[in-house]
Amino acid sequence: MVDSVLRPAGGKVAPGGPEATVQLIVFQLAGEDYGVRIEQVREVTVTPEVARMPKTPAFIKGIINLRGDIIAVIDLEERFGLVPAGRPLPAHSYTVAVEAAEYTIGLAVRDVPRPMRISAAAIEAAPEFLQDSGQRERYLEGIAKLPDNSVIIVLDMRKLLMASEILRLPN
Amino acid sequence: MNAREQEYRELFMAEALEYYDGMGRHLSVLERSPTDVPALNELFRLMHNLKSNARAMGHAAIGEVAHSLETIFGLIREQQRAFAGALVPVVFTGLDELGTMIRAVGASQPLPDAAVLLENLARVARGEEPVQPAAAVPTAPDTPSEEDTRKLELSDLVYIQVRKLDKLLNLVGELVIDRDRLLTLAEEIGHPALQATARHLFRISDDLQYSVMDVRLVGVGVLLNKFPRVVRDVAAAEGKEAELTLSGQDVQIDRNVLQMITDGLLHLVRNGVSHGLETPDQREAAGKPRVGQLRLSALTERDDVLIEVADDGPGIDTEAVRRKAVERGLTTAALAAGLDEQAVWAFLFEPGFSTAAQVTDISGRGVGLDVVKRALDSLGGQLRISSVRGQGTSFTLVLPTSIAVKGALLVELDGRPYAVPLLHTDTVLALRPEEFSVAAGLLLAHVQGQAVPVVPLRDLLHAEGSEPLPTADKTQLHGPQQVLVVNYNNRRLGLLVDQFIRQQSIVIKPLSKPLDTIDLFGGVTLLGSGQVCLVLDVPALTRLFVARRA
Amino acid sequence: MNKRILIVDDSFYMRTMLKNMLTDAGYEVVGEAANGQQALEMAAATNPDLITLDVILPDNTGLDVLRGLRQQTPAAKVVMCSAVGQEVIVSEAIENGALAYIVKPFSEERVLEIVGSALRGDAA
């Protein structure tokens, strides 16, 4: 079940020849679609048991055992200030394990993340109006506009995963 | 050298050393049984491979010697020659020489001249007597002694495999944990055959664990041998003259223990040159030789490995350290005055401490000697300091030979398990509220005639910012209280927990970024069920308690 | 589709070098075997277009393995690898169905030339 989440998306290649495309893993945060480039995703899994970690900010939900590696799981909705801090994770959630050069971190999301292939040209630089949400804006790569006029906010994990950025840990 | 050449070189070295070891083994079989066909086949094959690989790497001389030996083993196999008489010492000399050559390649040194050996090998292959006693075959004078370089090259081999060894050790650790559970279950069920099997599994996995730990041992020399260069560079940058003496390179230690103290040792050695030694002029004025002596030595003491960094410099200025500790706010003037010199010297290893009047490029910047203390704490090691004014200072790192599986006590707090390494646990107590007393806002338990401060573990784990811990209040205690007394640096501290779960062996995994900055946790361990369990760091908990106590 | 090659050699160093050369040239290395037993098993499992076979192996001689391979996977072309001085074995190998041989130490050009012509079917 878990593995099927990462099934390659078929039939999404735009007509008109070999256009550069980008494959995203798309998930919802507070009702909006967010995407992460698939190269930055290590795996998508049903969130295993989360061990709460004292001494960490509330948006860090704790640590999980991901095939023998211990990684932190964060709630981006809280991190981005989209919901009040300190909510427990629901009994059933998914974790998108994303990686950058330095480490792997889990993004807890409520609904099943889905793969999607879009045209690279569809990703536009983040518009100014998005600066209302300071935390989120600095992690944006851009906004992808789909043919049906919906949008996906594309996050750049390499920015998100700067240790000092994401965590202002005590000590 | 590009990456691929480097890879070929490493593979060549790893295989050549493996072949060389194998040859030695098979040759000793041949010594006992000179016509042993499997041994001859293997010698022939290994020589053949060494020859091919050496030629491909451009080491023609190794290829030549291996080719000659391959020919001889072929002749013996075909019973045209016998492994007897003058041929035997020539073959042994040939093998020794191959070893020397392989090590010379590993150390990037010129290969010794093998002309005499080749001549002798050719002669014995033809059934003639060697030109001179085989034992007199000279080796190049600048070839390093066998023991020195062997360790260095073995380390290359181990280095390639360390990730795999880590995995193996982790798996063994988890096996040991499951084994313990199985043994407990077998006892509970009480089935004799199951119990016998579980006990057998116990012994086997114990052997396995020690075997894996043994494989991970490397000579301390792999690290120590890097220091002559470090000392030369630091001395040059600081206008010092220093001579480094190494000893104990053969002492065996777990490769990862060595890795963990690498940075700390580097700081100690740099510090030894930049603070531990005077300038040549100062030394002369003090009646010492201009060249300062630095000694880096390793030795085994019971289950520990001791690595000592010693200099013959001015010694620690205890009063300067005492003053600085007060200036830095590490202690109060009143307290500092009462500390003995050992306690004062310990400040050198506190974060941010530096007594260097002059900030130099080498040792005045970045992390200080506190990295030494941190590495030692996480390894469960110790630091010994001795210093005599005018004569020198010695720092000794006391390290475990191996860090595989640690004993730990599992405790429960708010429904979550936490592991406390047995190294730091003292005793466990169940006390009624009236058995505690309160003094100066602290809850005290009375253990063996000593008043031990007690703090709810919950308060320590959730202490925010720099606020003091809540003042102790006995009326908050209801029913029997579970107290875990921990011990760090002869300081005892009682931790109130919800309950004790059990004692068990754990394998500690380090916390990965970005959570590795939280020093209260020494790492995590996976319990038999796959459940994640945080490992408490007693030194950090103790420091936190001291800093925040009400 | 890329031609698929199985490398049989008991030296990891040699296998790595051959694998790099062949992979760089666009061949697909479908397996590496370190002894005769593995060679036969992997040849059966991977059905390669070509096998490079070292003449001296730990469990069998290369010749026994060659005979086994010819019987078991006759479609796979076999190129022997040997060091100088094994000419006798090599000629026996050719008689037993090996197409060509590479002499160690080998140059990249020579390896590719021999493998290429063996795969095309012309003798080297």
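First chain written, first letter: the chains are A, B and C, and each begins at residue 1.
The definition used in the following text is that a residue touches a chain if its C-beta (ideal position, glycine included) is under 8 Å from a C-beta of that chain, and two chains touch if they have at least 3 such contacts.
All values derive from a computational prediction rather than experimental measurement.
Judged by the touch criterion defined above, the protein chains link up one after another in an open path, with no loop closing it. Among the remaining chains, the Cα-based centre furthest from that of subunit B is the centre of C. Subunit B and subunit C have CA centres that are 44 Å apart. Mean C-alpha position of subunit A lies 48 Å from that of subunit C. Averaging C-alpha coordinates per chain places the centre of subunit A 39 Å away from that of subunit B. Residue ranges of subunit C in contact with subunit B, taken from their complex: 10-14, 16-17, 20, 56-58, 83, 85, 104-106.
Across the complex, subunit A meets subunit B through its residues 48-49, 51-56, 60, 63-65, 68-72, 102-105, 163, 166-167, 169-171. On subunit B, the positions that touch subunit A within their shared complex are 170, 416, 461-462, 464-465, 509, 511-515, 517-521, 524, 526, 530-534.
Listed in rising order, the residues of subunit B touching subunit C in the complex are 4, 7-8, 11-12, 14-15, 42, 44-45, 48-49, 51-53, 55-56, 67.
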